[in-house]
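You will see subunit A twice below: alongside subunit B first, and alongside subunit C after that.
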Partner chain A sequence: MIRGLWNRETVALMLLAAYLPLALFWLWLGGTGALAQLALAVLVVGIWHLVFMLMRAQAPSLAALTTALAIAMLAPEDLGAFRLVLGVSFGVVMGELVFGGWGRNVVNPAIVALSFLGFGFPAFSWPVFDAPIAWAAIPAALIGVASGAMPAAVLAGAALVATGAVLTGILPEQVLLAAGIVLVLLVADPVTSAATTLGRWINGALYAGLVTFFAFGWTGAAPVQIAVAAALLTSLAAPLLDEAALALWVAQRRRRHGRT
Partner chain B sequence: MVTEEAAVRAPSGRSLHVTPLVREGDMVAKGDAVACLRHAPDVCFVAPIAGQVARLSLLPGRKLSEIVLFREPDGAVRQHDPGQADATAGLRRLMQGAGLWPWLRRRPFGGMPAHDEKPSAIFVMAADTRPFAPDPRQAIAGREEDFSRGLAALLRLTEGPVIVCQQAGAPLFDRGADDGRIRTITRGARHPQASAGICIHHFFPAGLDAPVWDIHAEDAAALGTLLDTGELPMQRLVHIAGAGLRDARTVWTHPGADLRQLTQRVVAPGPHQLISGSPLDGHLSRWLAPRHRQITVLPRETVHSRPHWLVSALTQSAGAKPAIPTAALSKAFGGALPAAPFIRALSAGDDETAMKLGVLSLLEEDLALADYVLSETGQLTAQLRGMLARIRTEFDA
Partner chain C sequence: MEKRTDLWGTLTDPLIRQNPVTLQILGICSALAVTTTLATAVTMSISLTVVLTLAAGFVSVIRRHIPDTIRLIVQIVIVASLVIVIDQILQAYFAEISRALSVYVGLITTNCLVLGRTEAFARHHRPLPAMVDAFGNGLGYSLILIVIGGLRELFGKGELFGIQVLPLADAGGWFTPLSLMLLAPSAFFLLGLLVWAIRSLLREQVEAREHTPPLRTEPAE
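For the complex of A and B:
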């Protein structure tokens, strides 16, 4: 028989292709320091995937690279190798591998790792992104949506609310830039974002709303910290959004057809 | 094109206990009953060609495997009395006795409807979007009157609507006095938009106590001819295509036709496999299945040597890999239902959620595209079959 090509690894490859502009701009501006951080993250994530393959026969995935990139880009600065290894290990093992690998996880492992690092080592400052890197998030989103690997409704929902917030002037530019990068890297993840169309719209809108809310009321927080916290809460809420969207869909069908 | 050999096979779905009505060596006319259901002797399987019964093979429990016929050039044709169809019970008896019943399919659970079942709606599929499918419009071209008569007869079998799924174009039948129960819906040209299950799910979902039937437009026209002349026409338009052919072609043949003979002069050199049905949802077979209208010829995959252990560990160590919800997956269901929650419910064996999402309207062929898109080899369809069997034993015992 014949087989198509949208298996798990193709989606991971498409996500990698989408992240390429973002990663290249970041490496170009960050230099060897950024490259070393990325290499360390890739090494640690790769080792954990290998461990789970050998111990639990769990096939590794190329999504490991996207996780490593997100952590390397967004982790607090000057952590040192030991803290970074600790954070990455916690995020990858507890956020993804214990659930059965990429595709079965509930939260994005990079969000878990970043939240762990943020809560665990609050003394270290969060990175600040220049405008060119944030602009690179736009081609990343476009590639992701065009290949179908990123949920378009999440991006659209977030863009809608963010536009409103920027127009009313309650979303500072620095937060907007960080939130854009986090949106592409962490929130628009096909696995852990909501899976229904309505749920995805709300998912994106909720993320942008939380970012705006934190930027408005959380004094002393760094832009990336705000965005990561919003991403964590959004991904925890995603199953609830899905459940609500499904209930609505079922109720509509029941009203129209008398059964589902 | 009538093949030299033909076989009578049971429709897909539950295997059926039958009583053979012929013995090996008997001569049969075209349209003669060769077997009937043991528990409903009204429902007959008929010979698609006139000939001699060559082999009669039954599985344990007297379940029908296949009855092979050799063609006789100047065989007779069985005539039925169309007059008995004036009453609805007579119409049913005529359809069952003339061998048209196995061309119907019911949902939920699939397979041929029970002999006394009353459907809530009947879908007449005058569109087919599967890859390499022949155009049903071409199959019923010039038979509009028969088609209209067939629709009118189908209308008498149900108290609900008869829904004709077609692609954009001229109307396929003349609207007579049908009190508005014959509805026409227009579907797009991309698979799975005219997949019967997706249409049923969208317009009239099947339920445990609301069975929905579907029938191909060509078979509806055949019903019209049967009511007019008393003779069930066996010819059907079949498209032969696939990567293992020198050139594709469309032929008029009959159910149970011998695929080897039909493809004999057009296959490319080298090993190949013959599939009855589309490349997405067909199965390896020598005979054209009762409802199929496509033949796919694919080159046979050569068996590779075993890969390195590390490659196997990287690619095959875990069982089924999870499905990632992408736009491709949503499109594979034609946007009819939330794809990712449905696939999750299916793979987790969550019957109740899957029933809420409409699993009762779907059959294997509707999920074949999703299987293809996810690059699986039949996992989803196997999970669906398991789930439907479970629901059937639980609710429909």
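For the complex of A and C:
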């Protein structure tokens, strides 16, 4: 690749391209309701990016669109405009923009927004995804990995553990579908997933493991709720996984080469 | 004349400019734990203010007789005795609120705000300024507690002091309670937002940067 072509916005564009099949399938099946929800989310996220650009000179990012898509797809149903605006504002401002914009955030803003909505309004039901939308997550993951925008090791680690869980029969199909969509939309995020190769494998495996654990032991939880909770905990653990991978690397180096 | 303005400054400084919670980040534990309703927040504020003021007075009176090596023990004994008195009064007259506050009244003993004021100020000043300073700090703590407690009760239940203020959607109104507000994380968020708001109004409270960012080098074309 030509040096200088790859900046933050190129990565955001590649992510958008990867999400295109998923978004199109979802809009096709969801109709105007889905389109209106997406438009509202894009509007709110865009306004906050604009506010932070004007007040703190933070460059707005095209990643706003991926955040809006993830929130619009996964947010609880029939929330109404006011609650959705509140949740999106909280997630985008507290999850991303106060840290200095996309690329400096610790957790994915969409995860923050979804957790806020889930904890704040527990009475609303989570969306249920049919098989076609979940299948569309596979081309999304392929495009993401091919363009290098999504960490392949995270996806591979998650797929490995999920396959094992499905084969032993402890992961129901509905949860698997929701977990796949959340994996592509939220967990395989280049910013908030682990940054070392070993850390990425463990990151993906941890996500799938948590989903399996919740599906097994959390009675009464919706599939998307399980997946979002697992994604939140995984993204909080990601820096720790990186730290462990680095410490391991340093220890190995010290054993091979002596004191350095 | 000099004396009076000094006292006034000692009293009003801790309200916003030197607020113990938002600037010095002291006493966070109880500020987060007891602010689910306004009633508990107010009770806690009054208890802490009384304990702090009296403890500062006592410590200041005997400040020349406290051996330096055991000063912390002496201060904690004084604070703990006062806390026990307050706790007994609450249990006798406000049994319900006392149950809601549970261990947090007892934990005023270990509140870093109390120890901080007696250790840093009362030990070096005469009783009147010491008590004024302690009272001001108590008021500053109370201000934050009442603001956060009010917000949490208003948006979490639509009530203030247990009286319905916002009509609930279940009862034909328009307000849907935000149950996140009754959980502990919301107090963190509110406190963080409050600190952010205060520091963007009063720029001198902003902490110095820990690192200086390197000069940005533009990538070669």
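Of note:
Rule of thumb we're sticking to: the second predicted complex is superposed on the first by the 255 of 260 C-alpha atoms of A that agree within 3 Å, B and C clash if a C-alpha of one lies under 4 Å from a C-alpha of the other, contacts with A are read in each partner's own complex, and residues count from 1 in each chain.
Convention: a contact is a pair of C-beta atoms (placed from the backbone, for glycine too) under 8 Å apart; a residue touches a chain by one contact, two chains touch by 3 or more.
Model, not experiment: these values are computed from the prediction.
In the superposed model, A:G101 makes contact with subunit B only, not with subunit C. When the two structures are aligned on the shared chain, A:F119 is found in touch with subunit C, with no touch to subunit B. By the touch criterion defined above, A:V250 lies against subunit B but remains apart from subunit C after alignment on the C-alpha atoms of chain A. In the superposition on chain A, A:T168 makes contact with neither subunit B nor subunit C.
Within the superposed three-chain model, A:V11 lies in touch with subunit B and out of touch with subunit C [touch as defined at top].
When subunit B and subunit C are set side by side, the one touching more residues of subunit A is B.
In the superposition on chain A, A:D242 makes contact with subunit B only, while subunit C stays out of contact range.
In the superposition on chain A, contact of A:R83 is made with subunit C only, not with subunit B.
Of the two partner chains placed by the overlay, only subunit B lies in contact with A:A57; subunit C stays clear of it.
Subunit A residues in contact with subunit B (one complex) as well as with subunit C (other complex) are 3-4, 7. Remark: subunit A residues 1-8, 10-11, 53-54, 57-60, 100-104, 148-149, 151-152, 190-191, 195-197, 242, 245-246, 249-250, 253, 257, 259-260 touch subunit B in the complex. Within the complex, the subunit C residues that touch subunit A are 176, 178-181, 183, 189, 196, 219-221. Against subunit A, the residues of subunit B that register as touching in their complex are 204-205, 207, 210, 275, 279-280, 298, 313-318, 321-329, 338-341, 344, 355-358, 372-378. Residues 3-4, 7, 83, 94, 98, 116, 119-122 of subunit A are the ones that touch subunit C when the two sit in their complex.
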